[in-house]
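Two complexes, one shared chain (chain A), two partners (chain B, chain C).
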Partner chain A sequence: MKINLITGFLALLMLFSNKSKAQSFPSGKDIAQKTHEKNEGVSMSRKLTMELKDKRGKIRLRETISLRKYFGKEKRLAIFYQTPKSVQGTAFLTYDYPDVSVDDDQWLYMPALRKTRRISAANRGDYFLGTDLTYEDIKLETRISREDYNYKTVRKEMIDGQECYVLEGTPVSKEIAKELGYGKVKFWVDAKIWMLRKADSWDIAGNHLKTIEIKDIKKVQNIWTYHKIFAKNHKTNHETTFLISEIDYQTTISDDTFTKEAMVNGL
Partner chain B sequence: MKNENQKATNFFKYVTSKYKIILLLSIIVMTGVALFIPKMTKDTSYDAFLPKDDPVLTFRNKTKETFGLKDPMVIAVVNEEGIFNKKTLDLVQKLSEQLKTVPGVDPDQITSLWTENNIVGTYDGLQVDPFYELDDLSDDKALKVKSAIEDFELYQGSLVSKDQTTTLILAEMLDSYGKRQHEVYKSIMTLLEQYKSYDEKLYLAGEGAVSGYLIKYIDEDAMKTNPFAAIVISIILIFAYRRVRGVVLPNIMVLASVGIALGAMAGFGVDFFVITNGLPVVLISIAVADGIHILGEYYEAAAKHPNFSQRELVLYTMSNMWRPITITSVTTIAGFLAVSVSSYMPPMTYFGLFGALGVFAALVYAIFFIPSALMLLKPQTSRAYKVDQKVDRFGKLMELVGKFVVKYPKFILAMAVVIIGLGINGASHLEINEDRIKNFQSDEPIVKADALINLKTDGTSYLDIFIETPENEDIFEPENLKKMQALQTYAETLPHVKGSVSIVDFLKKMNQSLNENNTDYYIIPSDRDLVAQYFLLYSASGDPTDFDNYVDYDYRLANIRLRLDTGEYKYEKPVVDSINKYIEHHFNSDSIQATTTGKVTVDAYWINRLGFNHFLGAGLALLVVLIFSSLSFRSISAGLLTIIPVSISVLFIYTVMGILDIWLAVGTSMFAAIAIGIGVDFAVHTVDRLKFLLSDQGLPIQEAYLEFYKSAGRALLFNFLALALGFSVLMVSSVPPLSQFGFLVAVAVSVSFIGSMTLLPAIILVTKPKFFSPE
Partner chain C sequence: MISKPYSLVILLLLIAGVYAQEKQYTFKEALESSLIVETDFSYEFDSQSLQKSEIILKPKFSYRVNKRSKLVLIGQVYSELNDNLEEEVPGQETVSDLSKRLFIGDRTDLELRELYFYTNVANKLRLTIGKQQIVWGETDGLKLLDIVNPQNFREFILDDFEDSRVPLWSIKGEFDIKDIAVQVVWIPDNTYHITQDFDAPFFTQNLFPKPPEGVTTVFNDALKPKRFIKDSDIGFRLSAFTQGWDISFNYFYYYDDLPAFYNKIEAFDTAPTVVISPRFERQHLVGGTFNKVFGSSTFRGEMAYVFDQNFISTNPVAMSGVENSDVFKSAIGIDYIKGESIISAQLFSDIITDDILAYNRDRFETNTSLKVSQEMMNDNLTLETLWVHNANHGDGYIRPQLSYWMNTSTQLFLESSVFYGDKNQLFGQFRDRSRVSVGMRWGI
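Right after this comes the complex of A and B.
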């Protein structure tokens, strides 16, 4: 009887271990790498509407034209404000260098001052133009960092009807945690097209900080493209919605568009 | 009269026949209601002084809500050698970070040199950065922080004192912790204790801290005053009757009165306010008086009629005593209700209401419980009342008073006229004033912290000015910004206004920073769009919520926050008045409107009502007492006689307040109505008894007076001692308004007693009113 019990138990154990083998997931590192291999085209123009909502439900609506172009591995991004009228003509330009040790360059052109002003190299965890997204979020878009976190792939979940890997990440060091402003993150990465669909983050003290959802992912000119980002800060109850339309990867954008001079002239 | 007495006797026959049920019911009601007491919540905030739906209060709450303003705990870090060194800045960082972990503190709402950002212009841009980072903090870096602050006018006086020896750390509480401020206060005090050995001295004050500490403070005070009052009263009872039942029975009445009043308060969800702390002591003193009169009569009867059975004694006592006891209780209730009706402030309204309930409970227990309890016992005599009618020394003392009155009635009348004259003069010079910090004794650490912060920095009293424009982004309009600037400039010329902050200050700083830090550009930007673009630029490196306290999300509403170095009404009121006048004449237009609000405005508004409410309450109490005693004596002249001693006692107090420089404030303003309600009892007993002796019994004046002083006079003396000593117990309270209240009522009651014992009989002697003539 005793022996029977033990063999039964062993059989059960083997069954389970087999099962977990069948369920083994790609490592976080591999998933992160895959998100970086996705085709993003060389240049892109789009209409970006930022809807910012404070905790009392008051809304600031800003319509912009956003242009992006890769110069080799260097990414340049220009945002031209169209509304509200008071900031019409204001332009934001950033050079995002592949070398992490080099600070990115950023400028803002203010038509009312008729001057372009450099913005100090922001912390990666600083908020981007009054939104709930950080400079780091804007830089990575649908990718996830390869260096900043130790990942653990925990399970698969469905997001918007698509299968996603769920990754839990903790910053590799205290310094990185402080720089990013996160003590813990959780990512949902699409298992087929390797795009980030959802991200949750916690602050260093462990409070739930933010949820970001990347929505309406559709193919545009054969490139998987998101059309909406929703971000909510759980601590301040501030919300940001990015609505993206008129996406075009094919128009050629002149290199000169990404210069301080071009900012002054506008589009 | 005879008929009435018969009715009363029948009534008490019924009561004594059901004494077991009555005793049982008495205990059930008393404990049942008192069981609610542990549910009592405390509210020591200054908001408590206005009804929740008051327009001034709701507007201030709307302003707080719009701009996320709270009453912070303020920690002052003081280093007499200057704060700009590595060690002190290190301490500021440590405290700021540790505060974030204190339960109840909102970790995102800590404001200090460590958390705030500096706005610096660079040769081609704008930088928004923390004043310092921990990694590169050195004494040299600390000096850079010093010059940054010297360059940032906004933070001078508000974050760092102008003499640079003090810097503040402000901590806001989470909304969910609203009523547990005292716990947060305690945790922060414990945190600060850890740094006791440091050279830097740490102080904790601010509105949040004051409210938090007050809760603990009044608790400790109640633990001290209430038992003390009970002991004092018991000693008086021992002296009066030298019998166990003479001490125990009145004490049970006291328990019933206090238990029912406080239990009902808790049961109805009424908060316990600072002045509520005085209520138990007040009720103890009042409730015991009924017991004294009943037992006095009982022992006198027992001495006179040794053959009476216990039931006969009880019936005799109660049918003689129910009338004066009911009259005096009703007048006392009238005094409390006058406070309740005349006051606009919930703490006083409830003090009056539940005080009245407590007195009513004492009356009901005197009528039902005392005779029932006596039925359980055997007849007993007191050594204080001997069969041979020999008068004890207290009776003798009163006889002396009687002899004096009969001999010098005119002298007494003259004295009264002098007191009236002085009192009217005093009343016209009353100073209406209030300061919440005065709820603590002057040697309390929080009082010292408050004084230090007010001395070194711009202060801890806030006056907010709510700015409204018609359309979104209208705040950007340079004309509007200039108006706000002019208003700030004007406000800062007013006494006690030490500083002001608005979005204008930040815009000026940004303008300067974007123009190569040239101080000539510390001005309002000239163009509406430029302002909008500055905010956008700021958002490229600052936090999206950085300006929440000063401008709303639509840029349609703004807040100007003034800081005053005083919380005293008499200084706050003129500031609010001046600013309101300025707003009306120089500010408001179709394109911009301003409204004063904030703690200072709310103070100025409600304390302003104190004076009016005080005189209204006193007048109302007098009127009710007059009507009631006129009706019960069926004579207006008798009614007028009864209110003479209390009127004089109140006038006397005005003189005392003038001499001792006591403010007419929240606590003290209630004295008059309550002193009238209580003090009139002596006059009621005096008139009642003298009428009985002179008119009903038809005794000659000399004889009647002698009889009056040695019997009723003696009982009134103990009644007076119980009241005066009971209220004096409040004087040991650590809460100055309560101790002043206790002092004033004790003095007023003394004057009423002396007046009733001297002036009243003197008037009757001199004028010989018809009311007292033999039938």
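Right after this comes the complex of A and C.
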């Protein structure tokens, strides 16, 4: 009887001890919120190089100039293709609205047609221009969604020598899972600067789908900035490396850069 | 006196010179160049011979004068090795002196495709001055508002519009009035459609009635506008993005790029002869476009109302064989995107408003188009099929295409263009021109 009492007491102690340990982690929701509070500056220009490597090792390069500006809480992004030279001038424009229930507006300028085509942004899980990141991944950059997942903060782990919270997330509904193309996600969020450092995702059937690693994070003009993203699709063995350079948060970008007319006139 | 588009060239150089004094870049930083090489070999099923063997070099130079200005030059060397599409050296009668191609032998020509100076004045006014392409409209495959630049019909409508569109010396000004983007265009370049000779593979015979048996035809030179200011084309476009709708209103005052084919029967040495006297004539066009996204689909439309369009008439009492009427053209389309697949359908209507007897067409004409596109292997491989069909006459064409990125710089193409229908109709007339093509595009 005495032994049973001691065992019971110890079990209770362990339970409370585990609970208090779990409570010492911020909630997934709070972490997600913090990733959205990071300073991104008002404007930014950068060179974005995409290296696409297929399972046979064939590499294709795309070089773009990317311009971004906040108009209040609305974010506008324009991407201008520099290479391949035969598609130089291709431009992509997005208006990203603060109200998550409102779809982005997107346009694609195709120099071969000299026409700007309006494109639907409803399919967030579609892959962005042949890369291994989806439109949603591109939109969030180093943030994680506040609305799409139920999170659980499971532990702390070191990534690239930095302490990160590990979050496991499951989509809040079947519809969201279908929209995003993910049945489960795992995020590693830097515990100091609140930037995503690594993400793993699984498809709806539970197969390991993708790994994304965000590397070379350092301050540029006093803003924490990533310089490399590596994404691997485990199903197709296709890889994309995004290299970011010539980053400038202090550049002056005129408002009319983010118009259909500017896409036609180019950089 | 300096005349015609030469004035535009001088203006362009003067402005570029003034801005060059504000230069902020080293020459190496300012100059960007590229070269695109395209080859296209087409085998014609009917004649079992090469329909075209094309090699095109497109050098492009862009010189950034300062942060808000650039000078762009795009040249072209075009060789058609079997000299079939435009046999020997074409006359280029419909092209202004400064826009003519320079032929080296029968098979090769040099062309200044574009040469323009672009500047953004105080973030208020964007000016593009020089030889350029100005494109309006939302439709694919068939044109309603995309009429600012004329077209070379060397391959009917099979050539890429980028290549078949004839750039013009012009000035384009763009500015904003509140949330409305205004574009004003002035085009003093008197260049019109480049149509083909009677014996060319893509001569559009459906435009002309055949003369009766034993009657010969004499074609007079087209009466073409020549005055620099008075004969220039002008137009504007107002566009806005509001409540998720992209809308535009367009107006264009221009010479129709096809002449009115006035004709009469005369007797030469007692032999009856049809004398055709083509004349380019003025038109007004008002139109507009709209588009909006609904979920995974983009709904889009385009309208054009043309005043006083000339038609060859079958009415025996028509003056000189030509009648005119206003024409209302419209197109609605839907693009559905799902993953790497795009399905795009369009419905075109063309209505002659007056009760005239236009040759070889109905007062109400309907065309449809369907394009299905599928990207695969992370956009390495694209499969696409375009089908255009005329509901009135049952003719049309189908164009399946496969393109593949070999590496960063090289894209390969395999495609076929198959025409079907009555030989007297717009598409059916080219049913013997159906072909299969292989090509490559390479750029550095």
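The working rule: the second predicted complex is superposed on the first by the 245 of 267 C-alpha atoms of A that agree within 3 Å, B and C clash if a C-alpha of one lies under 4 Å from a C-alpha of the other, contacts with A are read in each partner's own complex, and residues count from 1 in each chain.
Assume contacts are C-beta pairs under 8 Å (C-beta built on N, C-alpha and C of every residue); 3 or more make two chains touch, one makes a residue touch a chain.
Everything numeric here is computed off the predicted structure, so don't read it as measured data.
**Student:** Overlaying on chain A: chain B and chain C, fit or clash?
**Tutor:** clash
**Student:** Could you look at A:96 and tell me whether it touches chain B, chain C, both or neither (first, second, both, neither)?
**Tutor:** neither
**Student:** One more residue to check, A:238. First (chain B), second (chain C), both or neither?
**Tutor:** In the superposed model, A:238 contacts both chain B and chain C.
**Student:** Taking the superposition on A as described, I'd like to know which of chain B and chain C A:213 touches: first, second, both or neither.
**Tutor:** Neither chain B nor chain C is touched by A:213.
**Student:** Going by the contact rule set out at the top, does A:56 touch chain B (first), chain C (second), both, or neither?
**Tutor:** The first partner, chain B, only.
**Student:** Of the partners chain B and chain C, which touch A:130 in the superposed model: first, second, both, neither?
**Tutor:** both
**Student:** In the overlay, answer first, second, both or neither for which of chain B and chain C A:112 touches.
**Tutor:** Touch status of A:112: both partners.
**Student:** Quick check on the superposed pair: does A:83 touch chain B, chain C, both, or neither? Answer first, second, both or neither.
**Tutor:** After superposition on chain A, A:83 lies in contact with chain C alone.
**Student:** Counting only touches as set out at the top, which of chain B and chain C does A:120 meet: first, second, both, neither?
**Tutor:** both
**Student:** Which partner does A:205 reach: the first (chain B), the second (chain C), both, or neither?
**Tutor:** first
**Student:** Residues of chain A that sit at the chain B interface in one complex and at the chain C interface in the other, please.
**Tutor:** Common to the two interfaces on chain A: residues 52, 54, 58-60, 84-86, 111-113, 115, 117-120, 122, 126-127, 129-132, 236, 238.
**Student:** State the interface residues of chain C toward chain A in the complex, per the touch definition above.
**Tutor:** Residue list for chain C touching chain A: 34-36, 118, 120, 123, 126, 128, 133, 135, 137-138, 140, 160-162, 165, 174, 176, 181, 183, 239, 241, 244, 246, 291-293, 295-298, 300, 335, 337-340, 375, 377-380, 405, 407-409, 411, 441-444.
**Student:** Note which residues of chain A are touching chain B in the complex, please.
**Tutor:** 52, 54, 56, 58-60, 81, 84-87, 90, 92, 106-108, 110-113, 115-120, 122, 126-132, 205, 207, 235-236, 238
**Student:** Give the list of chain A residues in touch with chain C in this complex.
**Tutor:** Residue positions touching the partner: 52, 54, 58-62, 83-86, 88, 103, 105, 111-115, 117-123, 126-127, 129-132, 236, 238, 254, 256, 259-261, 264-265.
**Student:** Please name which positions on chain B make contact with chain A in the complex.
**Tutor:** 66, 100-101, 107-108, 122, 124-129, 473, 476, 514, 525, 527-534, 536-537, 539-541, 543-545, 548, 552-554
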